[in-house]
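This is the structure I want to talk about, given as structure tokens.
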Amino acid sequence: MLMATPSTDLRNVAAFAIHSEIHSARPDVGCAAHSHSVYGRAFCATGRTLDMLTQDSCVFYNDHVLYDNFQGVVLASDEGKHIAKALGHRKAALLGNHGLLTAGRTIEEVVAYFVLLDKCCEVQLAADASSAGSGKPLVHIGEKEAQVTWEALGHSSNGYFMGLPLFQTVEAELGPRTFLGRGVEPI
Amino acid sequence: MLMATPSTDLRNVAAFAIHSEIHSARPDVGCAAHSHSVYGRAFCATGRTLDMLTQDSCVFYNDHVLYDNFQGVVLASDEGKHIAKALGHRKAALLGNHGLLTAGRTIEEVVAYFVLLDKCCEVQLAADASSAGSGKPLVHIGEKEAQVTWEALGHSSNGYFMGLPLFQTVEAELGPRTFLGRGVEPI
Amino acid sequence: MLMATPSTDLRNVAAFAIHSEIHSARPDVGCAAHSHSVYGRAFCATGRTLDMLTQDSCVFYNDHVLYDNFQGVVLASDEGKHIAKALGHRKAALLGNHGLLTAGRTIEEVVAYFVLLDKCCEVQLAADASSAGSGKPLVHIGEKEAQVTWEALGHSSNGYFMGLPLFQTVEAELGPRTFLGRGVEPI
Amino acid sequence: MLMATPSTDLRNVAAFAIHSEIHSARPDVGCAAHSHSVYGRAFCATGRTLDMLTQDSCVFYNDHVLYDNFQGVVLASDEGKHIAKALGHRKAALLGNHGLLTAGRTIEEVVAYFVLLDKCCEVQLAADASSAGSGKPLVHIGEKEAQVTWEALGHSSNGYFMGLPLFQTVEAELGPRTFLGRGVEPI
């Protein structure tokens, strides 16, 4: 959240305003991730939440929210408070006209959820666009099946398991100095 | 299908449920591939099978099926049985609201088919989306031409030939220790 | 702007015609960037300017223009003059049927703006395409919020700060011989 | 056009059927390129030719053709003859339901044209898809401006100049043993 060089003191105030309020509101959260990925940005301009189009989107079934009250770049802790309140107990928020946010117990799950959420956005954007041409509506997963899938894939430990290979890949590329990928038990 | 570290015993139950039942039902199958690629996921939410839009899609002419009975993440062998039954003698299945699956005699052909199927999904999604804007319907290959093309490109040996360069590239990048790319005769 | 080998004297006349006129018209401009990126090209064929769909697009709020008078490849300084006139005091121009152009005080901000503008084009193209299928109009940022966001993110120093990591990455990859990433004060 | 290992004699018959007939019909052609790129495939399923949407597409103004007589994979020289006849004196053909083909005097220009044509397909697909959502028709370049641009960019020497950096990049990555990028005069 801080970027500084000897000749500057530019802190990422917006990042601090968001992250600090989420940690205040959610003591169970060990990590939150937020960025302006391309598909996340595009989806967050649609004013929609994720449709349950694939097994993977069910990880966010009843477990993500759209925060649609964009007030400009987040510079006051008030705005961070509003986002934290909207997020509630969920693992993800679509920040309207802004980008994606995921939160959870471990860094691994939060990174895995973020990557997964961005892919879900890409999938829904592409599927929606194609249906305009084919004239055939998309197929949605039923509520019962979505709930069953969330139960199987949507817990913190599932997310941790999903995130491990991402970190192990980084470790393999950057070397053991990264202290990552030490097993499935959170450090 | 198994991912384990000293401190865990998390097996990929879903993968085992799918793959084991396909191998049981299809003794000719030496390999099956399944993953949630982005374009595969998006296409599998459309409830459609591949249109014969390009020479390459004809590799799947009368040789792929949509399994549209998504019941949640596959945790019971029953679901794997259903998928294997739907696949039948074909080389590929679109698993509705889920992802792609290819099967065949050799690892090479199955990987080649998987990559090709994912590209066919990407092609159809992009072509459909564009036709919504142009207002001009896509051009479909005739049944006779599709059949002729399948005969020329759709056999196991064609797939093996298609897959070889993929493995040779991996071998060139990872070194000869991979025991891949030894010629066109399956090992 | 010049590409030459011992056996040739082919100069990029079009690039010179554009860049020289911008520097003549805008003494504050230390750098201008222009290229035919894929999403920039596609968006510049739509005859539209950026909608305020995301926080990032607000960097160009009332700060970009569409130059829609494509006369063929720019070979005369007259055409460069027209582009410079259309750009005015703004940081970016969408050159209709052509590509993107950004300009600013420092190389860092101009590169950051260019990358950001291209992503904004990609975002809007994907969001628009998806809305054709969903039937739901996109959500636009209000004028007040867009202005507030421009004030926070749209200044030259913000762009410089945004561009630094891009150059630091290049420096990390190509070595310290590049003389880049020396801090937040323009050299 | 030939792929062989000690244990096989599988030749790329389809490639030979296409390329040999083009060389027979066009003595001026030193090189032809054909492949099934993703965007090329998708565009070649639309039954359309390139609209003049960007400066770059004008390189193909009155200089490309749609061959819309897909008969299945090209295994007979007759089909190659038909393609060569359709191509005529032009630099590119969109092979319907199949893929892209470019031809020219030098390898450099042909590769540059191929890459450019594929990008033009990507641009038009994305622009069309977006216009379905925005409801606003795309802006087309006028005939006079397209012709002027073709005159400036569409000649063999322009293509050679465009292709040089592609080969120089390959040379830089693979070493001087590639005998590429020796200047702007064709070898």
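A, B, C and D are the chain letters, set down in written order, and residue numbers restart from 1 in every chain.
Note that contacts are C-beta pairs under 8 Å (C-beta built on N, C-alpha and C of every residue); 3 or more make two chains touch, one makes a residue touch a chain.
Everything numeric in this text was worked out from a predicted model, so none of it was measured.
*Asks:* Using mean Cα positions as chain centres, tell me which chain lies farthest from subunit C.
*Replies:* B
*Asks:* Could you label the subunit A-subunit C interface same or different, taking same to mean over half of its residue numbers are used by both chains?
*Replies:* different
*Asks:* Which listed pair, B-D, A-D or B-C, shares over half of the residue-numbered contact pairs seen at C-D?
*Replies:* B-D
*Asks:* Could you grab the centroid distance between subunit B and subunit C? Build each centroid from C-alpha atoms only and quote it in angstrom.
*Replies:* Chain centres of subunit B and subunit C, defined by C-alpha means, are spaced 41 Å apart.
*Asks:* Could you work out how far the Cα centre of subunit A sits from that of subunit B, in whole Å?
*Replies:* Averaging C-alpha atoms per chain gives centres 29 Å apart.
*Asks:* I need the residues of subunit C touching at least two other chains; which ones are they?
*Replies:* 124, 126-127, 129-133, 138
*Asks:* Graph shape for the chains shown, where an edge means the two chains touch. Line, ring, star, complete, or other?
*Replies:* complete
*Asks:* Residues of subunit B touching subunit A in their complex?
*Replies:* Interface residues on the subunit B side: 3, 5-8, 10, 36, 38-39, 41-48, 68, 70-73, 75, 96-99, 124-132, 138.
*Asks:* Can you name the residues of subunit C that touch subunit B in the complex?
*Replies:* 129, 132-133
*Asks:* Can you tell me which positions in subunit A touch subunit B when the two form their complex?
*Replies:* 52-56, 58, 119, 122-124, 126-127, 129-134, 136, 138-141, 145-146, 148-149, 152-153, 161, 165, 183-185
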